[in-house]
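For reference, the structures are reproduced in the following blocks.
Two complexes, one shared chain (chain A), two partners (chain B, chain C).
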Partner chain A sequence: MTRDRELRYVGRPIPKMDAAQKVAGRAQYIQDLKKPGMLHGAIKYSDQVHARILSIDASRARKLPGVKAVLTGDDIPLIPIGFMKDNLALKKGKVRQYRDEVAAVAAINSEIAREAVDLIQVEYEPLPAVFDPEEALLPGAPLIHETDAKGGPNKSNRLKLPWNLVCGDVDAGRAASTHVVEDRFSTTWVAHCCLGASGCLAEFDLSGNLTMHSITQIPYLAQNDFGAFLAGLGLEGKNVRILSTTIGGGFGSKLDTHVYEFIAILLAHKTNKPVRMIFSREEEFLAQAPRQPTRIRIAQGCDQYGRLTFRDVDMILDNGAYTSWGATTPSVMMVPISSLYRVPNVRYKATCVYTNNLYSQAMRGYGNPQATFAIESITDQLAEAAGIDPLEFRLLNVNQPGEITPQRFRVTTCGLRECIEGVADKLGWAEHRKNPKKARGFGLGSLIHVGGGARVYKSDGHGMIMRVDDFGKVTVITGGVEIGQGLETIIAQVTAECVGVLPEDITVVKGDTSICPWDVGTHASRAAFVSGNAALAAGAKLKRKILELAGPMMRVDPKDLDLRDRMVFSTYDPEEAMPLDKVLRKAHFTAQGTVLTAEHFYDPPNEMLDKEFKGNLSCSYAYGATGVEVEVDEETGQVEILKYIAAHDVGRALNPLLLKGQVYGAALMGTGMALTEQLVLKDGKVQNDNFLDYKILTALDALPVEPILVEPVDEAGPYGAKGVGEPGCVPVAPAIANAIYDAVGVRIRDLPITPEKILAGLKKKRGGTL
Partner chain B sequence: MGYLEKIVKHVLEFTVNGEPVTVLVQPHEMLLAVLRDHLGLTGAKEGCGLGECGACTVLVDGVSVNSCLFPALEAEGALVTTIEGLMVDDGRLSPLQQAFVDHGAVQCGFCTPGMVMSAEALLAETPHPTEKQVRAGLAGNLCRCTGYNQIIEAVLAAGESSDSNPKPGNEPGKERP
Partner chain C sequence: MKTFQYLRPASLAEALDLLARHGPAARLVAGGTDVMVDFKKNGLEADILVSLRRLTDLRYIREGNGQVHIGGLTTLRDLERSSLVARRIPGLADAARVMASVQIRNVATVAGNICNAAPSADTAPPLLAAGTQVRLVSPAGSRDIPLDQFFTGPRKTIRRPDEILTEFVVPIPSGPYSQAFWKHARRKAMDLAMVSVAVHLELEDDLVTCRQARIAHGVAAPTPIRTPEAEERLKGKKITPELLEGIGEASCEETLCRDSIRGQAWYREEIIRVMVRRMALRALERCRMGRPA
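Up next, the complex of A and B:
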């Protein structure tokens, strides 16, 4: 736990350890990786949205010089893949979405591979399709999957994955309410748009062991998925080794194993050559799974004093044609639904529905941004109905440290009040209320998110090994994944701090499942939290061993020794000291000497949600508030963000430089989701598969973000820290929507908030005349 | 006719990061592919291959270009600078690169080489840019991680401290070997 003495490295704005490599162009991404004899893979996608496959003619592709393998669903064993085992690497029988993979090629270069793909002829018999998730639920709707993973018949497109949370008595809460507001909201497909597109390189050794060069956020779960796949190929029990390259962006896009990875495995197995599969940008838009769209009905009420009485949420998630881990995002959506503000009665029901749309997955925030859009929009609406200022309304209902929420979250520290007040203060809320300017509006959005990992899987663990060499350099071997957030740097800071060496003495080894101990994955903003705690524990063990070794050498009781700045010293007489490297060399160069290692498997005391979806999902909760001032051009519908204040309860800022990077990045990503980003699907087909038509924001749109860091130091976190990777993008859309309403009186309920929607709203408000 | 039978190659000679190079390229090949695949200079990245993201930005005779859309044969005789050529002679990062590191402007890093090259071109033209000029100068370079704030800070800081830091190879007309 936190020592009283002053922290030396934790809390300092230390630049990212891998930044120099990256800025010099030396970091190796999957696109940069080559192997001798390597082949290039390419995928033939379906050009039908829902159809029976009648025949596939790959004969011309097979004859093309330079082609080494062509595979279709008929050439491979039936091995179900995916979270619900409802998918196949190469489709058999029928296709269910435009991106469906029907054949694959390995060739000596990527041009030949693509040419071969174009030569493959597929004959289809079209089937009726359904694209609207509500229509897909109607009786008689075309069935996307006739059977479930076990082969039992499916009667509907509703996934057998019921999400139902009931806390208290919502009907009684509603009956007791003075004010009730109900509304509908929707969010759409948002693409992760990692600048580094997807890719992998699969290779087998002569014994049938697989090495996968990968960009996954979940190496150990991927190991498991690929191992099961190998078993299906007759390679039961073979080793799977995941080697991570530098990753060109994550944001949740790599929380699943993906079809292209299984195809690369098939091709590598077939050809007995390394096979690399790299997505083009077009493919990244067409064949990566975007953020799940939601349709949300929400009702919320309060009593005559403005205290929340109930919240009732009914949600439909468009799963698309197959199921990813994203179908579990309702477990995290429950966090704000049950526990943002103090609301005694809560009901939440989520239905995931198969459609013939692209299958969707999780993205930064794991559903929380979608849920919070509805909650924080309706909170403003309810405040208005109750005649209470939205700021005051939030403070009236604000979460408190120590409270137990209806979903049985045990809140430890909670800086939400400070966040909201800080934001309001910096925005100039009071002044704006007194003298509002025309077409200018202020908007608030708050957030709660898991801050200490989340037990979405049975384990929330993180393994770490530390060793120290002859020279006092510490190697930290971690199962965590660096996706650009700065995990390595945080580990180095925490290790240096708790062991008593310098950050530059630390080497972080990661990205190899054969060396690094198990970790559940880089998700849920957990990486710094779990790896920091693991480093604290392993570091303490390592330090104890060092001091025990030094004791006899220095003739001092190890209890009275400490280690700081590479020097072992007596706490009674700091003059009595011995350099760390000398201690270690003595230990090594002695008959029957010893080497020092320490390990720790940290699994936070988080609870799996029980059958009623209750339990303390995370041992620490992150809070925050975003406030914006916007100006709306009533002629064009354009929105300009004039002020952007982002307050975050981060527990403790382990590294303010990196932390602000997360806040800035999440702010702009959230603003994109709010204002511009939508993967447009027309009858299941993506219409905007490039950066000109799918607009992510540019340097011209960079926001004037003013971060406020609230640091209540949470006992559970390493030096008090909470997770911060995702929270910044959670409350952005409602803050902006609320500000637009404040400015021009138009409430936008469907993301993204385009100028057209604002103009239509203005027109309606003026009674249909322009 | 198969792909292998229709290959025609041309000799291309140019200078990259101060070194003269000769490569055989096909007429349709882009400079990015030549740099990455023929010369092993993988610092420049392909983020889109369509001229929309700037990850492939390099300097050709001091001018920043999207190398994914720049026909390789048009680089004949040119001085090309890539991210690999930006370090100062003794292998240290250039002041601009160092500013990116110090200001937290690098996250996943995929956009970084292109971003730095665009900033390099901007600073060569406008040594002390305003924030507005920096934003405009980087508008063609997408970044999904940083929100651009710390990148803009880094370029402004490099601009402030840059007085006479000639960087290798990016001045047009620098003596050809």
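Up next, the complex of A and C:
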């Protein structure tokens, strides 16, 4: 893999290539996109949470000047959409959540479109609703969906999507335990809060081919979904082209094709005009899908020495009214449940339940933060029961390089021990244990996440094409999606490094499914890993071709040539050299000349989970530990984070600047989830559709984050790198919860950890009442 | 989309004239940081916006006749940066620092904050605690009203539609005094108070005995309020933490805290109990550290 020579660009803190464009306001977001004759779409949402649609009167909307189309469920063919095909673009028969789309308008401007929406009148007959996922499972609970996607009857609100993992013998493990703790935890709806609100622009050409200007994280899966939708519209076999604009944040909110996108397609089809659909900030809270809430029962045990004996987890996920890819987050929750620390016997059962709540989806970490909140909280509780310091307890059970976990993950490198020790050291753990200060507490949380792709789909592949022009400039055409994480910069660094040019010689072309080869999407912290590996392979091919051309020109065996910093040279005598551009022009401008391209499709050698949910999901596993010191105000319950140390096993830091950016951002996002963020739903209705009452943290709340990078160069990764996009926000909530417990002896089991909950806990502890 | 006329009078007289002429169809706008939110959220009820932005001579902070005079158009940022405010009305300086964000504070005005009359208006408790009077000017003349008679309900005041708030007059006590203000919020910027507490203490020369006290709260009732009975109980007493426990309790008794999405009543009450004590102690400490000259 890495040769001994010094790396020139990989490992350097090169600023994001698109940063200046964004700062200067030059980047083109979906909101900036305009087309001649473009119409503006708007959606009529349900104002009932569960009801039969008796009638829709759109006559007044249709008559409003400037309105070009009004569609309801009655005007369109029934085309099931969504991960489980349990949704419709415009609802027919009944609505199941407040945000249900009942009608849509296309008009010459967005004000008229919205005015028209307000003129549409819907008559409903309310139905009994259910909002608590556990109640929704009881016999007699109102059925959200009477039938499944195939038309078969549904007997309950339980999704036909069971998650069951059994490793070893949990009952025997429990019986053999010296200490066992059991508890329950819950996490709630958290919004992605992308700064760029959602939107798309759909346009058909005269042959019925669709171009979708989009902000999706999964262009090729979207192409597939939209293609199927077109077939439903009678446009079978037509082309779908996805063109990506600059994306103002993803965080998992764009892993599904969304209802508003299908509505834009319907309106564009109906009017034969380009139709743009843009969300307001309020819609972003009301009609997007937040992080999947969970209720978790967990039991964990250890032997007399503190070695873990078993872990038993039972989880309920509030799916909401429809199903997104979020219902598959248990597949990633399994990662920490089975494989964080060495635990021989594991059982995990997850049930996704339909309710009349807002439907939910995946978010950064893909369920891992929810699962790790329970695991790392109970790990502290178990350490206490066993009378062992929580730091020591973790080190006692720490994962090892080379181990095979109960879920059959083949661990390659593992820097978890270094991470935990590094964090403890920087926090001053030993000193704190000797001299604890009043109302101050230390807390740890560890993490494991997929670090080398994740085969959650049939292919985990990434396609890349490289071409080099007459001047030695390299164009890299990638199927990957930049959502602000720095993909473009990483590709330029890796390409420059392996081909032998400079990063500024690289142009990255992306975001066009008609040009760029397939990629499964930006998720699972995989983009740098897969695109880096693709660039290494394609770059090596390109370089070989260049050297083969240069050989005869320089009368040197190509095997003895190398290319570095735009110069082809003999490895025996570096003085014997020829500039790259000269080689390329010479090759091009001769009779039957040649220009160079190379391509590579990289599909990592990882495995899809088998029927028992076992298999080596990822090529490598990312580890990390977060440690915080908090101070709790015992009279108000307020928490101040005094220190925040985040250690990450990243294999190799391809770009420490971008990497730390991910760590800082994840720290703030994770702390928001831990302390302040919560989409408040009352009987299914969002109460805080704005940034005043939905509390993401502000610049003034920024934490004193100190990253520690642990780099056990991993064979599987490009130059040894593992993914790091999501891990930072995984162990934050339990680290903070553990620190609060350490400070004041109150354990909070339900996120977010508000001052009210802490104060109530303190009062209860003191024996008082509220 | 709703459209409106935007008028920019160059003088107070012209502004008053426009208000008189257009009646309830006109609405004043200073920094616009409440008006524009209202506009976007609820649609504006007015057809005419009368901007006060050009009345720059209503933007001042000065001392005279044993009083601090603050022009209505003074921005929150002006308050925050004023050494006069820091010295004479430290509770108000505390408030300005924790309001909104620098960008908002650069345009938002004190009169806008007070006239908008939100229960959470952060300048209200410190101004109430300082014993402030407001000057309202109309074509008919001007009147001075104690701020504690100004608010009549959530977003309601005694101001008539033809009046402009031109000045705040804050008395400077002759003896030792100080103040402190606490905004209880979930984050450090861009947040509204869950509840807030301002304490103003005037002391005898022994720096222990309370000569006079004023305690005011935000989000503890439909309007910003004072709690006079608690204030009365401090009068003439030697201030100790133990005494202040009781004062916090008493002050809490005079509030009407309620449950809302932003916080629960029991918690708000709890914070009032704690923060009355802490802010009184902070004011006491400030008083002892440097008697306002």
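Quick note on the criterion: the second predicted complex is superposed on the first by the 768 of 770 C-alpha atoms of A that agree within 3 Å, B and C clash if a C-alpha of one lies under 4 Å from a C-alpha of the other, contacts with A are read in each partner's own complex, and residues count from 1 in each chain.
One rule holds for everything that comes next: a residue touches a chain if its C-beta (ideal position, glycine included) is under 8 Å from a C-beta of that chain, and two chains touch if they have at least 3 such contacts.
Predicted model only: the values in this text are computed from it and were never measured.
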- prompt: Touching A:E635 in the superposition: chain B (first), chain C (second), both, neither?
  reply: second
Query: Is A:Q28 in contact with chain B, with chain C, with both, or with neither (first, second, both, neither)?
result: first
- request: Could you look at A:W429 and tell me whether it touches chain B, chain C, both or neither (first, second, both, neither)?
  value: neither
- request: Pick one for A:F691: touches chain B only (first), chain C only (second), both, or neither.
  value: both
Statement: The chain contacting more residues of chain A, comparing chain B with chain C, is B
- request: For A:T676, select first, second, both or neither according to whether it touches chain B, chain C, the two together, or no partner.
  value: second
- prompt: Should A:F204 be classified as contacting the first partner (chain B), the second (chain C), both, or neither?
  reply: neither
Query: Thinking of the overlay built on chain A, is A:F226 touched by chain B (first), by chain C (second), by both, or by neither?
result: neither
- request: Based on the superposed arrangement, let me know which partner A:L657 touches: chain B (first), chain C (second), both, or neither?
  value: first
- prompt: Taking the superposition as given, does A:E111 touch the first partner, chain B, the second, chain C, both, or neither?
  reply: both
Chain A residues contacted in one complex by chain B, in the other by chain C: 111, 691-692, 698-700
Query: Can you name the residues of chain A that touch chain C in the complex?
result: 111, 635-636, 676, 680, 687-688, 691-693, 695, 697-701, 754-756, 759, 770
- line: Residue set of chain B touching chain A in the complex reads 2-5, 36, 41-50, 52-53, 55, 82-84, 86-87, 93, 97, 100-104, 106-113, 116, 134-136, 138-152
Message: For the complex, give me every residue of chain C touching chain A.
response: 1, 101, 184, 186-192, 261-264, 266-267, 270-271, 274
Task: State the interface residues of chain A toward chain B in the complex, per the touch definition above.
output: 13, 15-16, 18-29, 31-32, 64-66, 111-112, 115, 192-197, 246-251, 280-281, 483-486, 657-658, 660-661, 664-669, 690-692, 696, 698-700, 702-703, 705
